[in-house]
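Below, chain A partners chain B and then partners chain C, in two separate complexes.
Right after this comes the complex of A and B.
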């Protein structure tokens, strides 16, 4: 289970404020706590700074790398921004993300191939979203074709089937779960990943729904996730879900998490 | 989702004490809190009183029925005990349980048929347990055949594939999850049910594992469960899991549970 730590995202006000004021200590701490909590990649996002994204993201990336040794997930839809960031990272990054939109795909995939990076592929095209399992799987197949054609190994592709709010479509989570299972079966070697927070948008006690979605998704084969690893209840659900899914030999990861006081 | 409230079980010391001392107020309260918490059936078990089970179970059943209007789950492996209890219940009961053991099957199934009861069928025979998905599904098929032959409609059969402790077999939960999915697909009309507590035996923070197992099982099609509905964290996981699984129209049950302060 590959964990992408999501906390350093400019859509969070505390992060946007820290970026604006160049509060490096704050960003470094955000990186450190996620590394300590088990993140494999640290996501770096300055997407709300329209027109100035590259300048701010550069500072974010440099600041994170002062604090931790982990590889980064360069989080931008803009091929130019990604191209400018890749030379700055010390370790082979993950690119977050491509879609089926031609400009984004054609701008980013060659960079992924050249730098042997991992890449998140969203089941989304320029003009439409995929809100059924069938549509998600179809787009996943299109992403697989494009990625294979670019020379990027399928093992570097993390398909995010996306999940939409249950509050507006009470079968949205099921569509994503079914898509995860089918993608993992139909495209051997490919990974699946997902963010969790969309699913609960508009519902009360959102974290409860996010946890249940994560557990159900791991039960269907999800092998990467974008989340806040410092959330002990969420991390506990993650570890328990992996144990339930038969992906924790002798339950050792679960027991270790408990001993470290990390499961709630 | 059919919920069988498990609290009134003589394997719990407080219940055994209440039975021994004929503390009717205690048993009535145990029934009432489960009814208020959303139980569909109240399980009644006096199984630890070897040789005196019938006498004690009769008192338990009469006491529960003084307190609540819900149907009961008559919980005994002994056909003679079940036969003696059926005349006492005011509503059509569930019988908990049959296995593939011939004496139990032949003793209990005719009673189930005669009284149009529901019945829990455990994936277990006299001399062996089923610890793989394949073995569980095979035994489920044998139960289905026996139940059909007895004239009990399949809609009255709740197959419990059983789950064994992860601490001794780190793929035990996965075997049960796979069995649930296959049973629900291969035997249309049949239900699946399961107790949750075995899975976490020997692990720390057991309730976390129980909740994850419940969420994953609902994601695979489980449509009944044996649990303590007064456990708000477990009940919250149940409601969230049903919403995630597309079984909660407009998320109304989830939102209602939240408004009632029942989700933690």
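Right after this comes the complex of A and C.
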């Protein structure tokens, strides 16, 4: 299970403030606590700074790397920004993300191939979203084709089928779960990943819904996730779900998580 | 035979609680008892949706509870719509709505759309990724009072500016009131791009439209 720590995202006010005031200690701490909690990649996002994204993201990336050794997930839709960031990272990064939009495919996939990076592919095209399992799987198939054609091994592709709010479509989570299962079966070697927070938009006690969704998704084969690893209840649910899914030999990861006080 | 006032009260409660199956028979009973469609909409159904909107904005109910109420409301409207159209009394006027070009998010826009319909507006939903030219076409075709634009990501906020600018070039800017909304937006941004109003959520959009009719 590959865990991408999502906390350093400029859509969170505290992060945006830290970026604009160049509060390096704050960002370093955000990186450290995620690394300590078990993140495999640290996501770096400065997307709310329109027109100045590259300048701010560069600072964020350099600051994170002062604090932790983990590889980064470079989070931007803009090929030019990604291209400018790649030379700055010390470890082979993950690119977050491509869609089926031609400009992003053409601008980003060659960079992914050249640097042997991993890449997140969203089931989304330039002019439509996929809200059924069938539509998600169809777009996943198109992503697989494009990625293979660019010379990137499928093992480097993390397909995010996307999940929409249950509050406005009570079948939305089911569509994503069905898609995860089918994608993992139909495209051997490919990975699936997902952000969790969208699913609970508009509902009370959102974290409970996020956790339940994560557990269900792991049961269907999800093998990567974008989340806040410092959330002990969420992390506990993650570890327990992996153990239940038969992905934890002799339950050692679960026990280790418990001993380290990281499960709740 | 229950009193008309009781039926009205029952219909209001059915909408507020989102009881879809109860709405149709109640509307039909009220029509049968001689209440005119306009009165059913204006005096019973719209006030019910106002209650729901208020509850939502006070965080007393959750989004799905507002959605299910709007769905119940729309079932009632579907029955009344042909009669209201025939009377030329269809509610408060037309609204053209869409997510701006480059933006394919539609959750928020759909909520605003449903709630506006519930509030008595005729909503023409252009969907997602709507180019300025498509908005202009819709203005010519439907002659709406309002054009509402949605953008969920900062990247597409600037497209709102461009859309309004294209309206000006095409000479249609003054024909409509323009409202904007979406998570990254602010009143300040709405002022900067020359929109007529900003709505922070669906409820706010309805209130602003109501005051500008």
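Following the convention adopted for this analysis, the second predicted complex is superposed on the first by the 264 of 264 C-alpha atoms of A that agree within 3 Å, B and C clash if a C-alpha of one lies under 4 Å from a C-alpha of the other, contacts with A are read in each partner's own complex, and residues count from 1 in each chain.
Keep in mind that, in the parts below, a contact is a pair of C-beta atoms (placed from the backbone, for glycine too) under 8 Å apart; a residue touches a chain by one contact, two chains touch by 3 or more.
The shown structure was predicted, so the numbers you read here are calculated from the model rather than taken from an experiment.
> Which chain makes contact with more of the residues of chain A, chain B or else chain C?
B
> Examine A:47 and indicate which partner it touches, taking first as chain B and second as chain C; both and neither are also allowed.
Second partner only, chain C.
> For A:212 in the superposed arrangement: first (chain B), second (chain C), both or neither?
A:212 sits against chain B, while chain C stays out of touch.
> With the two structures laid over each other on chain A, which partner does A:127 touch: chain B (first), chain C (second), both, or neither?
So A:127 only meets chain C here.
> Touch test for A:149: chain B only (first), chain C only (second), both, or neither?
neither
> May I ask you to decide whether A:246 touches chain B, chain C, both, or neither, giving the answer as first, second, both or neither?
It touches chain B, and chain C stays clear.
> After superposition on the shared chain, which partner residues are touched by A:167: those of chain B (first), chain C (second), both, or neither?
Both partners, chain B and chain C.
> Touch check for A:204: first (chain B), second (chain C), both, or neither?
Both partners.
> Do any residues of chain A touch both chain B and chain C, and if so, which are they?
The overlap between the chain B and chain C interfaces on chain A comprises residues 166-167, 170, 203-204.
> Which bits of chain B are touching chain A when the two form their complex?
Residues 166-167, 170-171, 173-174, 177, 199, 203-205, 208-209, 211-213, 215-216, 218-220, 236-237, 240-241, 243-246, 248-251, 254-255, 258, 263-264 of chain B touch chain A in their complex.
> Which of the residues in chain A end up touching chain C in this complex?
Going by the criterion above, the answer is residues 47-48, 50, 77, 124, 126-129, 164-168, 170, 201-204.
> Using the touch definition up top, name the residues of chain C that touch chain A in the complex.
Residues 62-64, 67, 104-107, 110-111, 128-129, 153-155, 157-158, 184.
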